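Handing you a structure now.
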Amino acid sequence: MSTENVIEVKNLTMEYSTRKGNVSAVDNVSFSIKRGQALGLVGESGCGKTSIAKSLLKLLPDNAMIQQGQIVLNGKDMVPLPEEEMRKHRWSEISMVFQAAMNAFNPVYTVGDQIIEAIETHLPDVSEKDARVKIENLFRMVGLAPEMVDRYPHEYSGGMRQRAVIAMALSCDPDIIIADEPTTALDVIVQDSILKEITTLQDRLNMSMVYISHDVAVIAEVSDRVGVMYAGRMVELADTEEIFIRPIHPYTYALMQSFPSVTGPKRELVALPGEPPDLLHPPKGCRFHPRCPNRIEKCDQEQPEWKDYGDNHFCACWNPMEIN
Amino acid sequence: MWSYIGKRIVQMFITLLLFQIATYILIDLQPGDVTDLLIGNPDITAAERARIAADLGLDGPLPSRIWTYLTNFYTGNLGVSMQQYPRPVSEILMTRLPRTFTLFMAATILSFWLGYIAGKFLAWKRGGAWEYASTITGVTLFTIFTPLLAYILLWLFARQLDSWISDTFGIDFDLPISKFNTPSLWRRAPYDTNTVFSWMNWNFFAIVMIILIALIVSNYIPRRYRPALRIGSVVLSIGGSLIWWAFISGVGLYAWDIVKHLFLPILTLTLISFGGNMLLTRTSMLETLREDYIETARAKGLPEGVIRNRHAARNAVLPVWTALVFSLSNTISGGIITETVFSWPGIGATLVQSVSVSDFAVAMGALTLIGIMTLIGHLIVDIGYVFLDPRIRIH
Amino acid sequence: MTNSSSNRSNGGSSVWQARWALFRKSAAANWALFAENPVGLIGLGIILFFLLLVILHPILLNTVWDPNVYNPINGFDPQSPVNPAPPSARHLLGTAPQGQDILSQLMFSARNEFILAVLAATVTVTMTTTLGAIAAYYGGVIDNVIMRIVDLVIMVPALSILIVVSGLFELSIVQLALVIGLISAFGASTVVIKSQALSIKVKPYIEAARVAGGGDFHIIFRHLLPNLMPIALLYMMFSVTGAIFSEAVLAFLGLLEVDMSWGIMLNTTRNLGFILDFSNRWYLIFPAGLSITLLSSAFYLVGRALDEIVNPRLRQR
């Protein structure tokens, strides 16, 4: 595994402007991903996971603005790029597996046509015949029959569609794929086989991935590193095993506790009291403090620092969990 | 798919039969009959009147009269016109049907296409002065009193613009304000108006078919040749036809006369339907732009134009196409008014004119033809939808 | 407990009070939504303006206007013997070819339009909702018969049927309104209302009403119809537009025998050959032509604004 960073996100801050005021959806988030590495972003819904995904592709609605920060993709900062430039980087360098695969395909074209158009846009030198061969190979790779290339989306089942979406994401040989809740809409068995498929492909193609999920179990299964998001901020970032064994932030701890473990030791399931904050008026200081069991005085005054706890383990907390 | 179309045709035929029976009963509800016209004539006795009524088949019971009417209709006998006695109704209507058909086809195609283009761009460039201007224009065209619009266009084009052009450039268009042709010109013509007009219609039909076939074929050839074939078919078929009419046919002058008479009615009718089509395309496009596959298309890094035309507009057109069933009847109502205002002798003007002189054989024929045209329109919309939406096509 | 028993003891009155309060609350909320939309307000403004004309007309005729001069049908002004005459202080919009005051004609016709519009729309809405509800509720043969009649009516544009009917029978405004109302009652709106009724029919409260022993009649009129009212109101606006338009066209084509209407005014102008004389005789063309356009578009605009309230997905964020 090379140590080169495929993507580096530095101090990313993104806001939505709404009628009622600005919503800070992503606040000062930093992380980087090496080639072949998979980063999992986990958190409750509305914590800014999907906003990060959309910011990485710069696929933002009109009312969203990246206020500051850098998104360095293959050594180039994407944030200042104009739309027309950015367009060329999408899919060829960074592609995405969408949350709602059901509607990710246009109903009036065959799935094959919709993948071909991506290849044609980004790899103009590939002939139509070669593109077709490539798609058939991708279909085999993701476990779809090559004949399905000429079928329309409504002829696919949910699981097949998700596989086709993955094939589409791979079609232009991107360096990094963002998978936003890739399996949430599927039933558990299909979910599992698709996750296995993705991890196998990722290893085989030595690709980087960003997984986004509210499901700790999914994240644990597929990622090498885990970032925990809370209310638009990243509160903890560490290698997967490390974070499961040694959570530092009280929120991470609660999150880990709220999922039952089949293989591990028996433990109490803890439900976190309270609601995530309203991002129109986020709480001062640490955004987690109103719900935090470890709250101390300065939590509602000062924003906690992003501190290195060794072993590539970072956390932002004034009063971390006791180690062990 | 064919069984679906077959089923639709049978359904429509039954609807048509029911409609004919209903109209017959409606006419029958009117007090008295045609022989009442003879009351004022002192030479005709009551017995004579009864005999005439019997001759005309007016004395039987209602069901048998309906049966006679229907069998006559389907053997091509639509009765005779009382006003232009003894000219058969079928003859009157058949000379006028192609005109009205052309008018509707041209206006429907144009307004659909223009409304689609305008609506597409308006939804894409949201907000601002354009949105206001277009909404106001759309609503105005949709709700303006049709005769008023027709007269405004007449005044604008045939009076103001025509005299402005002849004053400025010395070219005299002589844009006519009514009728189907200029009689003084046609006195020397080698063919009559309907013959030349039918050639024009065949030519128009051929152009539409060539473009349609080119469009279908273009989906099966390599992508980079597609624009050439599509644009080529349009340019060649239209250009070729123009050259033929101007230099080879020998009746270009007469064809031009017909075109001049067609121009304002088609413009009026197009504008009437254009507003509704534009507003509907815009709404539909705005809905489509919120779909997930539009975001997918953006994420794939497709160019703006491709996202707009290939992904958004292609789906946005579906509800607009379905709504054609309703806008069709608007267009036909508009056509009746337009033909009357321009004294342009098509089926619509015939309907109004025959009703106002109580020539009900002609009126019923015209009404039935209008019904048949609407039914054919509905059938075309249904079949077209099957092609436009693969979700229907498969099942 | 005490509360509920007291409710029962004083009978329906408190139920009606609660309903009234609910109605007032939802009306206020809907008005707020409606008032947000300039389109609907413009439409409403135009309608109110024409209503004002309707109310003012008899008042003016009884006060400042000499009925012999300003009678909309056969008035004649001896002081302006040459007709049509352009606008003047005496005749703000000029006089018609036969000498009537155009403003008076305009105001008088507005009344006819409202009578026609309200009557036709009421007939349409009552019938479409009832037909739609019955077709949806009973299904089967009844549904089939209603829908086949709808097919028949949709098949031919309403205007062509109206043309034939007005040629066959001499219709008064009220009769015309009934015919227009009937024809549009079997039009496309019935299809929409039926599908709406179908979706209401499967709602739990309908099932609950049936389990509680509610008869068909009770369920249709107490549960189905009230829930169809918003969408029916919407279609009422659109059918008003259609009614005004149809009357104007028929009158313009000379197929109607009403005493005075905007369409008749235009018909007279056209018959006497003034219709293209925009620069000199505009007052014979535009007041009537624009009134038709404005009033029918006003109802259309109100309809569109209501549409956004009834179908919230049309609302812009």
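Order as written gives the chain letters A, B and C; numbering starts at 1 within each chain.
Quick note on the criterion: contacts are C-beta pairs under 8 Å (C-beta built on N, C-alpha and C of every residue); 3 or more make two chains touch, one makes a residue touch a chain.
Please read all numbers here as calculations on a predicted model, not as lab measurements.
In terms of which chains touch, the assembly is arranged as an unbranched chain of neighbours. With every chain reduced to the mean of its CA atoms, the largest distance from subunit B is reached by A.
Summarising the inter-chain contacts, the pair of chains with the most C-beta pairs in contact is B-C. Averaged Cα coordinates give subunit A a centre that lies 55 Å from the centre of subunit B. Mean C-alpha positions place subunit B and subunit C at a centre distance of 28 Å. Taken together, the subunit B residues at the contact with subunit A in this complex read 222-223, 291-293, 295-303, 306, 310-311, 314-315, 388-391, 394. Within the complex formed with subunit B, the subunit A residues making contact are 57, 59, 87-92, 95-96, 98, 100, 102-108, 114, 117-118, 120-122, 128, 152, 154-155, 168. Here subunit B touches subunit C in the complex through residues 15-16, 18-19, 22-23, 26-27, 29-30, 139-140, 142-148, 151, 154-155, 159, 177, 283, 287, 325-326, 329-330, 332-333, 336-337, 340, 348, 351-352, 355-356, 358, 360, 363-364, 367, 370-371, 374-375, 378, going by the rule given at the top.
By the touch rule above, subunit C contacts subunit B in their complex via residues 148, 151-152, 154-161, 163-169, 188, 241, 245, 248-249, 252-255, 266, 270, 275-276, 278, 285, 289-290, 292-293, 296-297, 300-301, 313-314.
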